[in-house]
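In the two assemblies presented below, subunit A is common to both, partnered first by subunit B and then by subunit C.
== the complex of A and B ==
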């Protein structure tokens, strides 16, 4: 039997992007260890901040600082992380509502063990040592000390 | 007011397999031919062709173009493509038919997950700044959704396992299914978690497969099919993208799509739901308000076979086939796109 033909191709789009006034401000905030949300006309603070209110379409521009601690509102436990996951050991993906926010953001919680996870648990941010303007400048959340 | 004289008059699907040897277009060629033959339609008579597939699965930009070989694009044809489940390709064809200048359309959906790493690839459909860089995989989001359902007291892990037991039992009668058999709730609950509170069987299988549908309107539909499956209503609605900005334990977009499709809560002989993860069947049943003893996913549903980009259109075929064959008079099919039921389509069908 003949050998299978293997074709290897790497697709890349090596451009950099300007993130705009809201996403850009949020990611710049993470560099300074600050979590920013954005206030809707109804007074709710959305985190992560969006340029438009997804329910009304209103343009939004009032950034407000939230956190730094937050509350886990739901979670799942990942026993075997993939290479694309933010942690290389078992962790939780969770919805975390930072203090002062009305919505939750998806991120990792480094709890060490599933036994330390619960809905309603308090968490604090762990910051990336060398920020690179990505969402994982907030490296992950960890149980609040 | 949307037209109600458009019907499914032909269909065919491949069996769902873990790893098909054929390329995507090779999967499509025989079923496109079979669907057209079933309708007794020559491919040169097709007024419009629309396909649903995902270039990310193939890993090449414009990979979908080669799938057109299955339709035969010479002499030139009128066609379109959606980077969505084939159910949305059918939606486009249904809208196109309402222009009134053509009376037949060919639709297909296809996906080969086997060459890719689905758990890594699907993170790319998410917000590129807040979610995709974290590699958030569909099963993790479904796990978060499942936990929310448990925390809200709306379901138990036993309820999740019950969905799986029924799906796999139903799939025994479906020659196209990939996972079928008799299992007990207790043996399933003894399995380890992969995304607690979800176990492997709460997740869909990784599948390769394809499906094709022929639509026709009015007298043409009656001429091509003895008992056409009339599309009485077809609608799709979407919710906010960020998973933390909506209630994951409900599906307001499904409820709205069903209402807009004209579903009045009346009896349904068959319901096929794109409940890709077991807890989602409970959410969708609740959103649609179907009875506890309703005939949901007699095919086994996506937990028995999940050829992505075809899964939703397969639901439509499973309902249409039962109407065409006469074992059902009224049915509802549901398709979903995005993450954790973000985008939902409802198709209400009836026989004469």
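== the complex of A and C ==
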């Protein structure tokens, strides 16, 4: 009998995360099919919103609605999705800047084919049927109709 | 000669079992903005940030200092993470003070935190496995050894548990508010790790603490009184080695002697007006009084028995309510320094010790093996 050289050791522990007033409001907005950003003192709208201006540390509290449509500013195609990917068919990971926002957010774009993807393309949100207070309540983006 | 370091801002959160009203960044910002307001500073006035917390496994965020940099106004500024187990809040304060004393930075924000409700500290302490005995399980045999060595009566632990909880009633930020605490209640509470009972143990808290540290010129210019850092020291030793005395660890003895020497203190019992000691389990009050040579061998528990360590006693310990009343682990050590600073600034409010001019702050961690200590004074040297 051969000598064992390796044993498996799996760590798993469920953590919880408190959302706070700003990320909590963002997720509540997604449930209502609204995308919320937050305005900095310099007038830039950050999406997803933060409790603070990342450049200065100043507290922020002016939530504003953006979108619903947005523009793809960069993308990469996933031809063979794995079970951990957000979609079970070929899709794009993209940076999408919602209308009215100064920042882009990473998300999946369900374009069906790489031929439909382009930088600068217009996209619209597709909402998850049963919201669960996670970022994928905005299930993905799709080409604007 | 080194620059003198002044504490011009102190801030802490309301500590609670579960602060589900704030995010982790929000929790830190609550303490930080209070410290900035106290120091009459803004985020832009801060030159560097030192951040400390206990193991990352407690919240499950690896290197949280990276995630928190922006939330602390850290864009483009030097930021340093400190980790020395339970003593980390004290070590974080000391690293911040050194950055000022060495003239590397003019204004430093030192901040420490824990959000225990987001995970399970006992699981985290056990390295992610279900075999942990918890901190109380580790310390109980040493506490038993102290009791046997000194002949201390069992009620000494109960007395400390009652005293700290009564002090906490005077501290608006304290977690536990046990207005009906009594010797009887402590004595009748469940035995957790013999001889430690439930009410002789610290709570699990969410909380943060922050201080603004600066140089002599800014300290003297501040409109509120500053606390002056007269001495700082850290010492560590292995958790187990032949000949180790875990009841009176050598690292703790040497750390204490170092700060007394730096501050020119020869009789700590007489020359220190108030002490904030890291006492997560009641018996650690007499054990540190002896372990830091404030009391002679076998004399620490007598200081407790006679009431000397009460708020109005001759040597008040943990006027804030201490770790027994609030334990956001990563912040608990810094809270000792922050509360010591408030005492010598005369800004401790209802739990102010009259005429406090010299304060001792102490934190320990691991298996009573990491020590961080400081002496704070109402006047610069």
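Here, the second predicted complex is superposed on the first by the 135 of 145 C-alpha atoms of A that agree within 3 Å, B and C clash if a C-alpha of one lies under 4 Å from a C-alpha of the other, contacts with A are read in each partner's own complex, and residues count from 1 in each chain.
Operating definition for what follows: a contact is a pair of C-beta atoms (placed from the backbone, for glycine too) under 8 Å apart; a residue touches a chain by one contact, two chains touch by 3 or more.
What you see is a predicted model; the values in this text were computed from it and never measured.
Colleague: Looking at the superposed three-chain arrangement on subunit A, would you call subunit B and subunit C a clash or a fit?
Modeller: Here the two partners, once superposed via subunit A, fit next to each other without clashing.
Colleague: Name the contact category of A:23: first (subunit B only), second (subunit C only), both, or neither.
Modeller: So A:23 meets both subunit B and subunit C here.
Colleague: Looking at subunit A, does subunit B or subunit C touch a larger number of its residues?
Modeller: The partner with more contacted residues on subunit A is B.
Colleague: Look at A:54 in the shared chain and tell me whether it touches subunit B only, subunit C only, both, or neither; answer first, second, both or neither.
Modeller: Touch partners of A:54: subunit B and subunit C.
Colleague: Looking at A:75 after the superposition, I want to know if it touches subunit B, subunit C, both of them or none. Which is it: first, second, both, neither?
Modeller: A:75: touches subunit B, not subunit C.
Colleague: How many degrees, to the nearest 10, separate the directions from subunit A's C-alpha centre towards those of subunit B and subunit C?
Modeller: Vertex subunit A, arms to subunit B and subunit C: 60 degrees.
Colleague: When the two structures are overlaid on chain A, which partner does A:15 contact: first (subunit B), second (subunit C), both, or neither?
Modeller: After superposing on A, A:15 lies in contact with subunit C but is clear of subunit B.
Colleague: What is the minimum C-alpha distance, in Å, between subunit B and subunit C after the two complexes are superposed on chain A?
Modeller: Minimum over all C-alpha pairs: 5 Å.
Colleague: Subunit A residues touched by both subunit B and subunit C?
Modeller: 11, 19, 23, 50, 54-55
Colleague: Tell me, which parts of subunit C touch subunit A in their complex?
Modeller: Against subunit A, the touching part of subunit C is residues 19-26, 29, 33, 43-44, 59-60, 70-75, 115, 117-120, 123, 128-129.
Colleague: Within their complex, state which residues of subunit B touch subunit A.
Modeller: Contacts found on subunit B: 59-61, 117, 119-120, 123, 129-131, 133-137, 140-148, 151, 192-198, 240-245, 248.
Colleague: Which part of subunit A faces subunit B closely enough to touch in the complex?
Modeller: These residues of subunit A touch subunit B: 9, 11, 19, 23, 27, 46-48, 50, 54-55, 73-80, 82-86, 93-97, 103-108, 114, 119, 134-136.
Colleague: Applying the document's contact rule, which stretches of subunit A touch subunit C when the two form their complex?
Modeller: 11, 13, 15-23, 50-52, 54-59
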